[in-house]
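Letters are used for the chains, namely A, B, C and D, taken in the order the chains are written, and counting of residues starts over at 1 for each.
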Amino acid sequence: MIHQERMQVVRQQQIAEDIFELTLTGQLVLDMKQPGQFVHIRVTDTFEPLLRRPISIASINHELLQFTMIYRAEGRGMTILSAKRPGEEVDVLGPLGHGFPVEEIEPGQTALLVGGGIGVPPLYQLSKELHAKGVRTIHVLGFQSENNVFYEKEFSELDDTYIVTADGSQGTKGFVTDLLRDKAPEFDVFYSCGPTPMLGALEQTYPDKKGFLSFEERMGCGIGACYACVCNTTDATEKEYLKICSDGPVFPRGVVKL
Amino acid sequence: MNRLQVELPGLSLKNPIIPASGCFGFGQEYAQLYDLSKLGAIMIKATTLETRSGNPTPRVAETAAGMLNAIGLQNPGLEHVLAHELPWLEKYDVPIIANVAGTETADYVAVAEAISKAPNVHALELNISCPNVKCGGIQFGTDPKSASDLTAAVKAVSDVPVYVKLSPNVTNISEIAKAVEAGGADGITMINTLIGMRLHPKTGKPIIANGTGGLSGPAVKPVAIRMVHEVSRNVNIPIIGMGGVATAEDVIDFLSVGASAVAVGTANFVDPFVCPNIIEALPQKLDELGYDKLTDVIGRSHR
Amino acid sequence: MNRLQVELPGLSLKNPIIPASGCFGFGQEYAQLYDLSKLGAIMIKATTLETRSGNPTPRVAETAAGMLNAIGLQNPGLEHVLAHELPWLEKYDVPIIANVAGTETADYVAVAEAISKAPNVHALELNISCPNVKCGGIQFGTDPKSASDLTAAVKAVSDVPVYVKLSPNVTNISEIAKAVEAGGADGITMINTLIGMRLHPKTGKPIIANGTGGLSGPAVKPVAIRMVHEVSRNVNIPIIGMGGVATAEDVIDFLSVGASAVAVGTANFVDPFVCPNIIEALPQKLDELGYDKLTDVIGRSHR
Amino acid sequence: MIHQERMQVVRQQQIAEDIFELTLTGQLVLDMKQPGQFVHIRVTDTFEPLLRRPISIASINHELLQFTMIYRAEGRGMTILSAKRPGEEVDVLGPLGHGFPVEEIEPGQTALLVGGGIGVPPLYQLSKELHAKGVRTIHVLGFQSENNVFYEKEFSELDDTYIVTADGSQGTKGFVTDLLRDKAPEFDVFYSCGPTPMLGALEQTYPDKKGFLSFEERMGCGIGACYACVCNTTDATEKEYLKICSDGPVFPRGVVKL
């Protein structure tokens, strides 16, 4: 079920350069069922900025009715969001979309989780759920620079974690695919979220592996009504187009034309 | 007595709140959130003869108190709409206004003729004002003669009343309004979007892949209000007003300048419950203003 | 090297930031707040042959991210402007662009001839787009032939380059732009305000005594950007862009679509220091974008 | 000198139905010289609502660098302002305009102060300054209803105070001019702020008295540049029009065409 709720800020903290971690509480959390789903957030009650912002769910705590998002406060909306203090309210629409299928991997198998920048957050809840199921995970997380790195400790506590930075200031230098070629990790299924070029490179690196990719696009409604966020599909796919907000944001590899 | 009841050609509306075309798909998505039977009517997404895949993405961009869109009339085509979308909507007690688009007169006529025969389609909305497609659309809406001729051609084949949707991107909107009235239109819907552009701050290129997009939302409301105000003095057919409606006060404003009902577009994205919320708020608004029924508000700016 | 320097017909601007006509009076008021010599130029309030007392009040109304105004070209008249306002401005190192308005060609010509001889007037801005007066103004700006003829008549008598200010309330703005270019205009300034209306929520009557007003502010920026983008492809004379400029990013946007300088109107009311603040912010913006000088930004959307 | 300053909220409290009292602190207070001047306030950093709001200065404390405004939170902007809490900032432009001339009355004389609704606030600072000079004051304050009455105690502590309500729920029933006709108070100069019809009625009630009236109009710039707030003048006045923001808001009686 999709709900709209004015949720309460529990905690807000800056965890890297321009990167904030925000925990909200409310009933809506009860309907969060799958890692990789997102929420659509209104950051003010006035009409400027006007539209909601899509943000991934980074972790869920059903007992406390809390969930956490991690976001970059660079643009107008996210900067306003980053000023919210505990006790203040945020208008949330969600949970939205289809996330990462945890059921597509068996206990005892290994999952490769590849995240880039603000694509890293949804992988955290995914990794927790995979571990709960008895799946091993390898985390490969790409960032611009050491100042932008976040959640290294959280991921490391779960399983093997490799940091890649574009400028080499932390971990390996280069792109996540450079590290993957070097380390050639063994795994059964890959899951990824990040910039589209990274998703494309991953599909090419592992032509024969089962994989799931989470996509981004500018959105209007966030629920499938406005056709803002459609993506073209490959010839292998039955539907001619898909909506990232309601059919995705996560699709099996090979479905979306890259 | 239902204080919100409004009677229009082909449309007996239990309230004047209608989701605007293109902002509500074919209803399925919002049906997850609330009962569509609450709505006065639904303007479904523009339907063309053939399937249209629309423009490349990005298709939307935010602006100050508004947004740009260039969806490009993506829709599954007439046949699919007749076979799936409209039948699905039959389970709701809500009249459908079918938004009809095309490239040339023949397509408009073909879509209009077929879709006007669907049992739950109570009116057509002739889209001669879409700014986001290369041919068809807005070019009919900026020339009085073409607008009038197209209206007449569609009227000749339609089984239900025809409303013509006007573009605000014109020097003289009353001239177009009078032309479509002369062409036989049963009503007018206005306004479609203003043409606009937003750039990416780093690259300096348009954010929207199509370059320009249609501007909608609260930012355009003053333009819409003045146009409805003007057109309502110049034609004798009813107007369904739109452009920036987000609150019950906005609805009162459109009715005040002469609209008989209103459509709500962009605001659905900001608050997905905006339509039922407005419907619920209207009776109290009437009390505050001292009116018995909503129809008493229509045209009060002119009195 | 001054990274912000821009050269335009008649105008050697130390930076491209110009307070827009009607939003800055004749400079006296803002001179209480900062040194007017900081500005690239000043567009003074519309001047007519005779004293004008303007429209009844209320003359302004707020809208979503914008405002409406119907001042009605109130001004002390040509003689007073020549005797008092322009001489007062001489103490500042800033070129003046005189906004010229009238009812018929003869008044425009009379004002243009006289005011173009004032020593600190470096250019004229021909206001053929004021939506708030009953005659003159916008009617010249919506018809290509009238616009062209008026431009030619004013060019014939002016001692300084003539910029023509275009109205956005037209179906085809490029057509008007080409007409004024053909009439001999040295440049174009755009956009003037969009026509809009806001109602009083209780009475349902327009807030502005004049009924309609001109819409300005951030709300109209997407419309202005798309029009400058379009016109800059269709004419070979420079454009001074305006409509919703409030930040250095907005200035970069207008230059990107092809404007050579920008005017700042409504934003002065929101932040009276907006012009000097933008001027101060521009060099860092250039650094961020990796440009040496501001003129490198001009037209980058088209490249 | 006119300044723009982000001033700090010291105190905010509701003092009657929809009526709030807000105290701000900052350097700008040092330039507040005359009762009846106003400030032009921006209530948000976003562009909606866009324009500044003109609000009268209700009292000034130069020592503490504080001033107080009293305002009705009914419209969009004032409702946003009423949510500001101590420590938050408000963007203030001021002090603006010309206020009530305290020098136009002599010590020992009596001033009649007539306020209507949200026209009452500036009379408070005026009354304090008149008393400091040794002038007696009579306060006649009109409101819609008892729920809207504010500052009765504050004014009473200074001098004689009469409350008038339109519905008679507190004080005398009717308009301030009804009470003035009944009581026929003796005075030397009148000062007034309130709805234009009230100002007009006052001029008519006291055709021979010296008086000063404060006017309202919708504003753009607030400093005299945009010609939004002009008013027509009477034949007795030299200038053809006046700007309420910069020439006023207070004018001697007989200057503004009513």
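Here is the rule we use: a residue touches a chain if its C-beta (ideal position, glycine included) is under 8 Å from a C-beta of that chain, and two chains touch if they have at least 3 such contacts.
Being a predicted model, the structure only gives us computed values, none of them experimental.
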* Structure fact -> Sorted by label, the chains bordering both chain A and chain C are B, D
* Structure fact -> Looking at Cα centroids only, farthest away from chain C lies chain A
* Asked: What is the distance, in whole Å, between the centres of chain A and chain D, each centre taken as the mean of its C-alpha atoms?
  -> 55
* Hey, how far is the Cα centre of chain B from the one of chain C, in Å? -> 34
* Asked: If you look at chain C, which of its residues touch at least two other chains?
  -> 63-66, 217-219
* Asked: By residue number and range, which residues of chain D touch two or more other chains?
  -> 47-49
* Chain touch graph shape: choose line, ring, star, complete or other and state it. => complete
* What residues on chain B touch chain A, complex-wise? -> 22-25, 28-30, 32-33, 45, 51, 53-54, 57-67, 69, 71, 74, 207, 217-219, 246, 266, 268-273
* Going by the contact rule at the top, pick out the chain A residues touching chain C in the complex. => 47-48
* To do: In the complex, go through chain A and note every residue touching chain B.
  => 1-2, 4, 42, 47-52, 93, 217-232, 240-241, 246
* **Touch list for chain B against partner chain D, complex** => 64-65, 218
* **Residues of chain C defined as touching chain B within the complex** => 63-66, 68, 142, 169-171, 194-199, 201-202, 204-206, 212, 215, 217-223, 225-226, 229, 244, 249, 252-253, 256-257, 289, 297, 300-301
